[in-house]
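The structure is given below, and queries will be raised subsequently.
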Amino acid sequence: MKNMKEIDIPIEASVEQSRTNPLARVFDELVRFCRSRSMFMLHYCTGCGAIELPPAMTSRFDMERLGIQPMVTPRQADILLITGYVSIKTLKRVILTYEQMGSPKYVIGICSCTVNGGMYWQSYATAKQLDQYLPVDLYIAGCMPRPEAVLEGMRKLMDRIRSGEADGWKDYYRRYDWYLGNQQHLFGDDWQTPADVIGEASHYDLAGSGTEGEHTHLLQQCQKPLEPQQTFFQIGGSLEVKGESHE
Amino acid sequence: MNTIVLTVVLPLLAAFIVPVLSRVSPLLGRLLGPLTLAYAILLTLQVWLGMEGKPFSIALGGFQPPLGINFYVDRLSLLFTFLTLVTSLLLWPWRNETEPRQYALTLLLAASACGLALSGDLFNIYVFYELISVASFGLAAATRSGAAFAASLRYLILSGLGSVLVLCGIAIVYLQTGTLNLAQLSQLAPETLNTPLGLSAFALILLGIGVKGELFPVNSWVPEVYAAASGRVSGLLAGLVSKLAVLVIVRLLVLLFQQESALHLMLILGLLGAITGELAAWRAKDMNRMLAFSSIGQLGVIFIAFSIPGETGLFAGLALSLHHLLVKPALFLLAERWWGSLAGLRGAGLASPVAGGLFVLLALSLVGMPPLPGFWAKFLLFTGLAAQSAVIYQVAIGVVLLSIVIEANYLFRVVMDLFQPAEDDRATVVDGHGWLNLGTTFLLSALLIAGMLLMGPLGAWLEGVAMQAADPVLYFDTVFSVSAIH
Amino acid sequence: MSKTVTPWLDNLLQEIEGIEIRRKDSRRVRIDIAADSLPTLLELLRGRAGYVHLSAITCVDWIDESQFELVYQLWSYESQSLVSAHIRIARDPGVYVSVFDLYQPAAFFERDIHEMFGVYFEGSPDMSKFILTEWNGPPPMRKEFDAEAWVNETFERKEYQPDWLKEITEQGGGIVKSPEEARQKKP
Amino acid sequence: MTPLDELLLFSGLTLVLMLLLGRFSYAGKIATVFYAGQLLFLAKMADRIIDGSIVTFSLQVELFGLQMSWRFDALSWFFAVITLGAGLLSSWYASGEWGERFRRQGGNLWLLHVALAANVFSMLILLGSGDLLALFIGWELVSWASFLLMTVAGGRAIQAAMRYITYAMSGAMAILAGIVLLWSHAGGLQYGQIIDVIAQLSQAQVWLLVALFGSGFAVKMGLLPFHLWQAPAYAETPGPGAAFFGAISARMGLYAIILVLVQLIGLARLSELTIPFTFLDMRDLWAWIAVLTIILPTYTALRQTDARYLLAWHGIGQGGYMLLGVVLGDALGSAGGLLHVFNYATNQAVLFFAVFAVMFRTGTADLNKLGGLITRMPISFFAMLVGIIGLAGLPPMNGFVSKWFVYRSLMIEGEPLLFLGAIIGTLGTILSVYKLIHNTFLGQLRVEHVEVREAPWSMVAPMIILMLLIFATGVAPGLVLDWVALVQSAVGLPVVENTLGGVELTSGSLDMLWVVGVLFAGFGIGALLFYSGGRTRQVHQLDNYAGGHFLTAETRYHYSDNFYAGLMHLIRPWYRGSFVWLESTLGSLLGIAASLMQRLYGALHPSIYLLVTVVVTLTWVLL
Amino acid sequence: MSIQILLMELVLMPLVAFVVGLFLVLMLRRIGAKLQRRVGPPMMQPLYDIVKLYGKKTQISHGWMHDIGIIMAVGGYVAAETLLPVPGMDGIADKGGLVTLVYVMMIPSLGLALGVGQCANPNGSIGIARALTAMLAYDVPFVIVVFGVAWYFGTTNLVDIIAIQQAGGVAGWGATAMPLLAIAGLFALQGMLGKQPFEIYIAPAEIATGPMVEMSGKYLGGLFVMQCFQLYTAGVLYVSLFLGGGENWLFFLLKVFVVVAIPMTVAFLFPRYKTEQMIRLMWKWPVMIGLLGLAFVMH
């Protein structure tokens, strides 16, 4: 599996630059170790591959040995398992779910449909390459890979997390414009998700050169991102709410 | 001292002159009545000052009491005479442009009422009672409406029957004792009238006079008459005439019938009157009828008060009667403008806030809000009742309390309607109350407030009156010790 | 009604001209009918013969005859038998009348056919997008639509030249022996 | 001029001033200043009260052989402090923009100010009553004044007021019957005479006495059988009136019950009155009434959808705690009950202020039409938060201390079932107060409330004062416990010896200073742990998990209706409304009797009645 | 009680609680795994989860009340730990007794409830409504147990309670003196832990883990820490009331693990109850047993 890397998956392979003083490095090492040993999995059963996951979790293969727990909501999850073909309609929900997850987050594309379209390669309804729309960290090929393959993939991902290579989520922020372009190409220009990715990128200073671009300007023109409700500390004042300004 | 007799004679005389005089000059006709009443009031005040509290007796026509008719004047009777004259003056039917018969009847009523209060002879009382009945029939039918005629006719029949009963009662008393003079009777009564026959005489007289006193079984004329009569007439009848009837019964009780069972009879009838009056008022649909039933209830309570033996009973009954005399006519005057159905009264209080305010004040006093005199009267009643050991009195306390609650409920239901803004603009209330009615009500309420402020001395004075009226021996001595004065 | 389609039904249907009945087996009948007399057939079948269940409307694209073929599958619970009515409508206007008033489920079948083939059913309650809400291209099931060309035009293929694949191709391509030979080799 | 004279005169002056100046805009401010003045006079009286002496009113009224006098002892002083405090804050609340808005919407601001002043004045008279007659007069004045305040809002408030007046009058008449009964035995109505007479009264008479006085005072306090009028009456009263009612008006009943049941009759005498066939005595009966009053109204409050009604129903529930504490009679229990009067007054007032602030800004108090106001009205949120923590009785706030006292005394006394009932009541309170704060302030903010602003200063200032008060008396309950000890000694209950933080007992003590200190230390550690994580970023309320669905402003993504569905599913059949049925049958019986009587008078031939009566009386006489 | 010792205990007791809590969570997941014939998570798995959650880069919050809610949740339990005496350290157990502890344990659930309320997610609100109803359900038997214990030992000061029990040896233990109350206590313990049979408010499939629906990163980490504290507090409370507290650390920990193991095994054997079924169960059997026990204790 060693030559998976050469596949020109358009990820700027930049290993996380480790911090200088030794204590911080040990701490980072510990955090990465824990991150690798405790992965919360949100399996988004988009396609047929999902049927392979229950056996991976139950007594025969027992994912919990590796510290992987199934979680229900994207907020709590680290890994997003896209199992099987991704129709365009589902891809919208997948992107929304991905943006709702807390980073560092990883996407695993199970089944060959996510790699290159699989057996639906010439279907008009499915998205062919998942990594054009989401930064995919790991592909597990197979038209429904067996649980051993899934676990092998998981172990692979754990090694890459511990070594710090699996930083696809940074790439989403750094090259958000490219991703957004592909998404708009598929869903049309009025495509918007409630999560404000650009704001998030600047907030956690993960914004790279590719974050802003002509696609994001298109996004800004069509829709205004949802500002969170700031607490309003001004007492009194004459402005009445519409509801009861009837007098 | 015997100018007091003029208070009976002058209004009687004026009553017959007025119709004739008004044909000559209507203005004089209208003024004569009030003038005679005012003069009579002055007379009573003069006598009041003269007698300094000592009762005296006047033998009319020079004949000594056992034979002739005498007037017995003590503080109680003088008080009632004074009240009669003042109330008649206040409730004088000014606005009534119709023929002067109305004035004549009112004067007749006033004269006979004074006579009733003063007279010391049983048959004389019966005569004046008849005179009052005649006057009240005429007044009741004054509004000339069909309902008024029917109501006064029914009142006439009932009152006539009542008079027959009184006559039988008096006949029995005469058979037993051989005399009609109250003083002599009071001396003979303990031996002769203590028998069941005596008691039946009392019962007959009680029922007979009870008609006018709105006693329970015989007061079914009250709602129709008051509903049909004008506010002033109903005020006169409810406020004044009923009190006099009660006074007569009380006099008989004190002087003639000291038996226990007589008191109990009156108590039971009073209880029934209170309960039925209040409950019926709770269901009443229009203002006058509600006030009529309320006055039945109140008079029931007064009968209960007077049925307490001894001086406390008299005192409590007197206080309640005085309070009722003040409040009920005022309410009837207010009802003159708001006579419509209770539902139609919505928003009336806002239209004429003064009338609304007065109505609330009077309602509060009727219900017994503490500082107002109503509360003290009721408190006296309760302490009197509590002092008695008999179970019936405890039941009476319960009944009166219940009646107060019901009264509060329906009175304040009306108050709430008065002060709620009317939803639709067709509220029936157009103009105010007319300054005359409002003025009289205002005066009565002022008297009420004055009573509240002077509660201490007023209470003590009333207690004196009750003390004096309560002992028959004093009555007997005054009547027979004094030589005949022409 | 007996299990088989009774003879009186046959002569009942003869009255409709241009009708051709072929009995597939005891419980299946295929009826070819002219397009404009289909509603009368459906009413007869529904009213008289108890064919109350319209289970499907399918559309076949005969591109060379430039015609659409609509097949109405009707089932009768009483006679336990299936009638499939076949009609042909012209392809270019691609318009036909809706049978929604006779069979309510027809609304969905017609809406689906409209989305996939572009056949417009007048009177059908709702002709909006049904499943392919994201798709704004031509009706995809029509034969003249070349899905593969559309895919190649909108999506790029991922070039996949891993070393191990290069070695195999150098040794003369992946599968050297055909599966039959491989099977024969192992007796 | 004793301090009590000054106080009552000043209070009367306030009433007169309100009558004259009520309709002007600055009337509210004047009223607030005058209430503060009354509070100062009360404080001036404090030193004499503290050393246990009684302040008397110089005017003595003598009528019909009964003299009426007024005096203030520690008990009345304690209740007067709460009354004036509630009055001050309510009129301050009404003097600002709330009053302007109320007048502009057609409300009768003059009547509100007059009624509030009348209420405070009549309550001071009631609290100062020196003998039973003065007590009854004060009682009547208070009920009529609260009737006046209830009718301010018109419409539904008038029906509620009518219902109240029927209850109040029947209660007052029961009390009058009791007083008259006592008068007939004692000859006078002074407390001294009454105490001696009661000592000799037979069991049956004391039974009757307790029944009459108890039911009369229970009406005002809203104890179980007579509680139906209180919730609508208090909820329909406009803003500050409801807060004033909720805080103190129902507690006048408790004052009178303490005066009569504890001071005059004495709890020991109560426990002698055994109820036949049951092992309960009168004190247990009262305790059970109190516990049932805790449980039933609280679980009715749970189902209300209007915030004002929810709080009003809680008012009845919490009254049960106070009565339970007092009836228990030991030092700890009565201290708990009396302390709860103060605590609950502050909690209820701040909650009502917060609800009316929300109503002022959004125009509605319906819990299903609000939501997410925490970002728009943060201070009102804090006020409601402090209020509900106090109401639920959780540690940092004062509500916990008084409830702890009641529970500990229940434990020491060994009353498991009462303890269980009280706890079920508390849990019901916790559930319903969370529903209140969740449906109003938490959850999705509605589109129409996006522009809502915080309530004006005149409404926020009283809230802040109350918040500080609740927290201060929560951390250091000793401040109020000293007053409570004074009251206990005045009333004759065993006195609780307390420290600043709570009470030292061999069987488990409470020291709030330590508990709250440790609690905030724990919060500090929690915060430390929390901020050790990465930087947080706030997201919009629509950026929420909805199973992959794209949330838009139109979708009402908020859960508030049928809030405790699971619980309601189980206990909905238990709400049979038996009391409502009882009340309506009584009313209809009265109606039937009334129509019967009226038909009696409608008879055409009255003369028949005459003859029948004559025959009856004659037979009666001759027998 | 010198301030330094108290400060030291204020830090040490929660730390001990956290560590023991981690191993309790581990035991929970291990028991679950063994019952399902699985290998089960490695030794330090709970710690990995917590460190990972705290190490997450983006922390998603819905407002300042959301943060304060989590702080209150964790802080409340830290304060509750100091009220729970452990061998060697008494904290401020004598300043506030058993009733105070019961109330302090309610603060975290209130804090969580407020925090989840601000997340503005109906799944969370439904979860909190069910959690509070569950609290209503299991608190009734728990309160009967508290009353019985307070009545039997005559005091609510936990230090004294433990001293009395230890004085009498095994015979002096609460469980031996009040067996029925101990059983009722087990029911209450089961409800308090909020695990499987009474886990309606976390029902993952139905309301997407209820209150935790919008918790990510350190918020979820805070709730995991709270779960450790919750298990520890419930276990230690039961032990100190019924099993005589800890003479020394070994026995103490042994008792805690055994006591907490019982509800855990029950958790993985029973399906989830609906809310009203839970209330009906909790208000029927444990209350009856508790009242019966009370009757024995008091007479």
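Just so it is clear, A, B, C, D and E label the chains in written order, and each chain counts residues from 1 on its own.
Please note the rule applied: a contact is a pair of C-beta atoms (placed from the backbone, for glycine too) under 8 Å apart; a residue touches a chain by one contact, two chains touch by 3 or more.
Given the structure is predicted, the values throughout are model-derived calculations rather than measurements.
Q: Spell out the chains that contact chain A while also contacting chain C.
A: Where chain A and chain C might share a partner, there is none at all.
Q: Select the chain at the greatest separation from chain D, using centres from the mean of Cα atoms.
A: It is C.
Q: Which chain's centre, taken as the mean of its Cα atoms, is farthest from the centre of chain B?
A: Here the answer is chain C, farthest from chain B.
Q: Which chain is in the middle, if each chain's centre is the mean of its C-alpha atoms?
A: Ranked by how close its C-alpha centre lies to the overall one, first comes D.
Q: Which of the chain pairs holds the record for C-beta pairs in contact?
A: Chains joined by the most C-beta contact pairs: D-E.
Q: Just how far, in Å, is the C-alpha centre of chain B from the one of chain A?
A: Here the centre of chain B sits 97 Å away from the centre of chain A.
Q: Could you put a whole-Å number on the gap between the CA centroids of chain C and chain E?
A: That gives a centre separation of 62 Å.
Q: Rounded to the nearest whole Å, what is the centre-to-centre distance of chain B and chain E, using the mean of the C-alpha atoms as each centre?
A: Taking the average C-alpha coordinate of chain B and of chain E, the gap between them is 80 Å.
Q: Between chain D and chain E, tell me the centre distance in angstrom, where each centre is the average of that chain's C-alpha atoms.
A: Between these chains, centre-to-centre, one finds 36 Å.
Q: Touching two or more other chains, which residues of chain E qualify?
A: 55-60, 63, 208, 213-214, 217 - these are the residues of chain E that touch more than one other chain.
Q: At least two partner chains per residue is the criterion; list those residues in chain A.
A: 73, 75, 92, 200, 204, 228-229, 231
Q: Each pair of chains that touch: what are they?
A: Touching chain pairs, listed by label, are A-C, A-D, A-E, B-D, D-E.
Q: Show me the residue ranges of chain B that touch chain D in the complex, using the header's touch definition.
A: That would be residues 154, 157-158, 161-162, 165, 196, 199-200, 203-204, 207, 211, 217-223, 261, 265, 275-276, 279-280, 282-284, 293, 364, 367, 369-371, 375-376, 379-380, 382-383, 385-387, 397-398, 401-402, 404-406, 408-409, 412-413, 416, 419-421, 455-456, 459 of chain B.
Q: Please output the residues of chain A touching chain E within their complex, sorted ascending.
A: Checking each residue of chain A against chain E gives 30-31, 33-35, 37-38, 40, 58-59, 62, 64-65, 67, 69, 71-73, 75-76, 78, 101-104, 200, 204, 206, 228-229, 231.
Q: Across the complex, what residues on chain A touch chain D?
A: Result: residues 73-75, 92-93, 96-97, 100, 193-196, 199-200, 203-204, 226-237, 239-244, 247 of chain A touch chain D.
Q: Quick one: which bits of chain C touch chain A in the complex? Just the residue numbers, please.
A: 132-137, 140, 147-148, 150-151, 154-160, 162-164
Q: Which part of chain D faces chain A closely enough to touch in the complex?
A: 97, 101, 104-105, 361-364, 372, 374-376, 378-379, 445, 448-449, 451-457, 460, 535, 537-545, 548, 550-551
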